[in-house]
Amino acid sequence: MQKIYPNATSALDGLLTSGMLIAAGGFGLCGIPELLLGAIKDAGTKNLIFASNNAGIDDFGIGILLQTHQVKKMISSYVGENAEFMRQYLSGELELEFNPQGTLAERMRAGGSGIPGFYTKTGVGTVIADGKEHKDFVGSDGNTQTYIMEEGIVADLAIVKAWKADETGNLIFRKTARNFNPVAAMCGKVCVVEVEEIVPVGTFDPDHIHLPGIYVHRIIQGDHEKRIEQRTVREKS
Amino acid sequence: MQKIYPNATSALDGLLTSGMLIAAGGFGLCGIPELLLGAIKDAGTKNLIFASNNAGIDDFGIGILLQTHQVKKMISSYVGENAEFMRQYLSGELELEFNPQGTLAERMRAGGSGIPGFYTKTGVGTVIADGKEHKDFVGSDGNTQTYIMEEGIVADLAIVKAWKADETGNLIFRKTARNFNPVAAMCGKVCVVEVEEIVPVGTFDPDHIHLPGIYVHRIIQGDHEKRIEQRTVREKS
Amino acid sequence: MAWDRNQMAKRAATELKDGWYVNLGIGIPTLVANYVGDKDITLQSENGMLGMGPFPIEGDEDPDLINAGKQTITELNRTAYFDSATSFGMIRGGKIACAVLGAMEVNEKGDLANWMIPGKLVKGMGGAMDLVAGVGRVIALMDHTNKHGDSKLLRQCTLPLTGKAVVDRIITNLGVLDVVVGGLKIVECADGVTEDELHAATEAKIV
Amino acid sequence: MAWDRNQMAKRAATELKDGWYVNLGIGIPTLVANYVGDKDITLQSENGMLGMGPFPIEGDEDPDLINAGKQTITELNRTAYFDSATSFGMIRGGKIACAVLGAMEVNEKGDLANWMIPGKLVKGMGGAMDLVAGVGRVIALMDHTNKHGDSKLLRQCTLPLTGKAVVDRIITNLGVLDVVVGGLKIVECADGVTEDELHAATEAKIV
């Protein structure tokens, strides 16, 4: 089973369709599938729905697809870094569904794990709960608490950034660049992954693998810009 | 914050009460908290409810607590290896709640993750679904399917076996001895862990940690028998 | 004439496609691994492993490395370990392409019973209910009849179900049948078995 | 007279107990880390890290290592990384002992609003709704009044809520108040602030 593709464009060949739902890994600009996003821009696919915690900045991340008006809707928890996003949203060009960050992460994991719905107290009593099913559960302390139901997300495509992959698609992430990537991979009917290095099978200790290759269908290796959004430093002490 | 205790008995001091619910890691005899089970036997605590995939064998694992009649109820997926279990169950001394293995694992993860209920298609149309809430969900393929609701488990105590811990409780498991241990740890209000080796903080690569120390309250190091249940081998080829 | 256990396993192995992730149940299904040949098949063990290897050479047994049948096994160079929640997440989530499982009874709607005989010792369903509910394609690999010669391919299951309408294909010592609308459809007869013999040994409606 | 930002952060740091796992929000709460002293406090960053260290020395910035405010940070020897689902699992599951969060408004029932001003730019709640719903103890660290001098401790919140009845304690530039049955209870006045001044600056009912 050959999972390795020469580049982002070939790895997405045949997978992109107008109106599709794409789950993307990354938090801010950290651990985003920048090469695959670039290839989606080149492909020009329209009306995309993205489940992604953030929407990038104007000229990096999902932001590059906003500039080309390829995005119809975002399912996100925070989009504050993106002026073009705001312009399109306020003018009605772009739909936005806010999900609390933990709810979004759990919805992706659930969708990828055969769980169509789960209950959480996150958002109870807020606008997030509007129109959602409410249910009371008795806790282990005997007290009753109200929860809302959230649904699993199953995406047509997952685009993911990992640090290293072996040839069978086993993945290792690096530091906080892991973030949404494993759960985005889980919830995709097809999952395409970009990595900094593809290593031979057997290179990884099987106990160090963060996401087994069963979740990964296509892999590319490439050079990553890995832009820093907020460069904060301290004085040498 | 001192998490390290000298032995299993001291690590359980003040935590055991009659009628409590204990979540135990392990699959078969692999990765079971054998030292802590021994200390529970010594403590003689009665009417225990165990959420554990298996019930051990007659003289190892939870089986040792069946011999002393300390167990009131098991929540398990498979208990076929244990003659004493069967005797007590068939005579009505022992309650048994069967959970499909994946449902049991997910219930533990859910309980530890603030999710009081989730939907699964596992068990729909079987005796497992009797009396449980049924709900239809429309899948991404447009088809409607029926699911049942299962509830998260929050245990009074989790007993867990890991391979190594650092002094802050970060855990690393080994091979298939990982199994239910991370989710058992998650669902315990208090979690006590036995390991083969406690290492200094900073020994682990932070990307190799399977379960962060936030889930771990007390740690002991000890010698493990690690009994093999079914020794199967092949000819040298 | 009919297939023996190894021939059944060999026939089942032809169902597996290159690149598939597969779960093999306990019993005859375990033998399927011996017949996958050059195909790139990755075996899942639901206790938390992808890339299950063969039994160890004597002396190499590792108590931390067992399969779902609690037998000592080995790892491969592609192996990955994970916890039980992740393992069943991939099972329920449809990531496993195929499961080959033993069965006590299958009916003409694809209902499967393989976990419990009322009045006998109750052992538990283990991961079987999750597997039949979640895996992409479920193949029941089983004897066609019981020791009394009664069909195990029934109109209605008599035993408590493991899953409802979950079996896609049945491979027995007498042949191969698919679960289709209205009943079972004969795909293939075992060596030396006629369609008439298959009909005669089958209580379920054959369409 | 009142506390400045650093004094507020210092006061908030006294709330944190040895051995606690803590999540600090963006803004003034971030400063709390400077005042924990010798206490064994482990900071969580909800993008997937326990054991958050200080900002890096210039030249050591790592694009793969940021906090929930997207700032470059460092790791400690106790650090562990994990994915976002696990991160919020521990948040919702009550494993984080305490969160110190900024607030636009808090009311006398402990409702908190800190994510959205209607008609202004909509940025999103990020992890705030999960934190206030799941964390054991929620401390709102905020200015007592807005720039017009109006109280931000209200009878009713006017802004969309982040969570209902979620705040346990409020620390402002004027003092410390607890959310109790029937309203807010003064715990402590800031240096040079009288109880009368605190009353006068507070719209919420003080009991």
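Every chain is named by a letter (A, B, C and D) in the order it is written, and numbering of its residues begins at 1.
In the analysis below, contacts are C-beta pairs under 8 Å (C-beta built on N, C-alpha and C of every residue); 3 or more make two chains touch, one makes a residue touch a chain.
Quantities reported herein were computed from a predicted structural model and do not represent experimental measurements.
Two chain pairs, A-C and B-C, are compared here, and B-C has more C-beta pairs in contact (counted per touch definition above).
Averaging C-alpha coordinates per chain and comparing to chain B, the farthest chain turns out to be D.
Inter-chain spacing, taken between the CA centroids of chain B and chain D, is 35 Å. The geometric centre of chain A is 27 Å away from that of chain D, both derived from CA atoms. The set of chain B residues that touch two or more partner chains comprises 106, 109, 113-115, 120-122, 173-175, 178, 206-207, 210.
Shown for chain D are the residues that touch two or more other chains, namely 75, 81-82, 88-89, 91-92, 133-134.
Every pair of chains meeting the touch criterion is listed here: A-B, A-C, A-D, B-C, B-D. Chain A makes touch with chain B in their complex at residues 106, 110, 113-122, 135, 137, 139-140, 145, 147, 151, 154, 156, 172-175, 178, 189, 206-208, 210. Across the complex, chain D is touched by residues 1, 109, 111-115, 166, 168, 170, 186, 201-202, 204, 206-207, 209, 212-215 of chain B. Chain D meets chain A in the complex at residues 45-49, 54-58, 60-67, 69-73, 75, 81-85, 87-89, 91-92, 111, 121-130, 133-134, 160-165. On chain D, the positions that touch chain B within their shared complex are 18-19, 21, 40, 42, 44, 50-51, 75, 77-82, 88-96, 133-134. Those residues of chain B whose C-beta lies close enough to touch chain C in the complex are 27-31, 53, 76-81, 86, 89, 96, 98, 100-106, 108-109, 120-128, 163, 173-183, 210, 226-234, 236.
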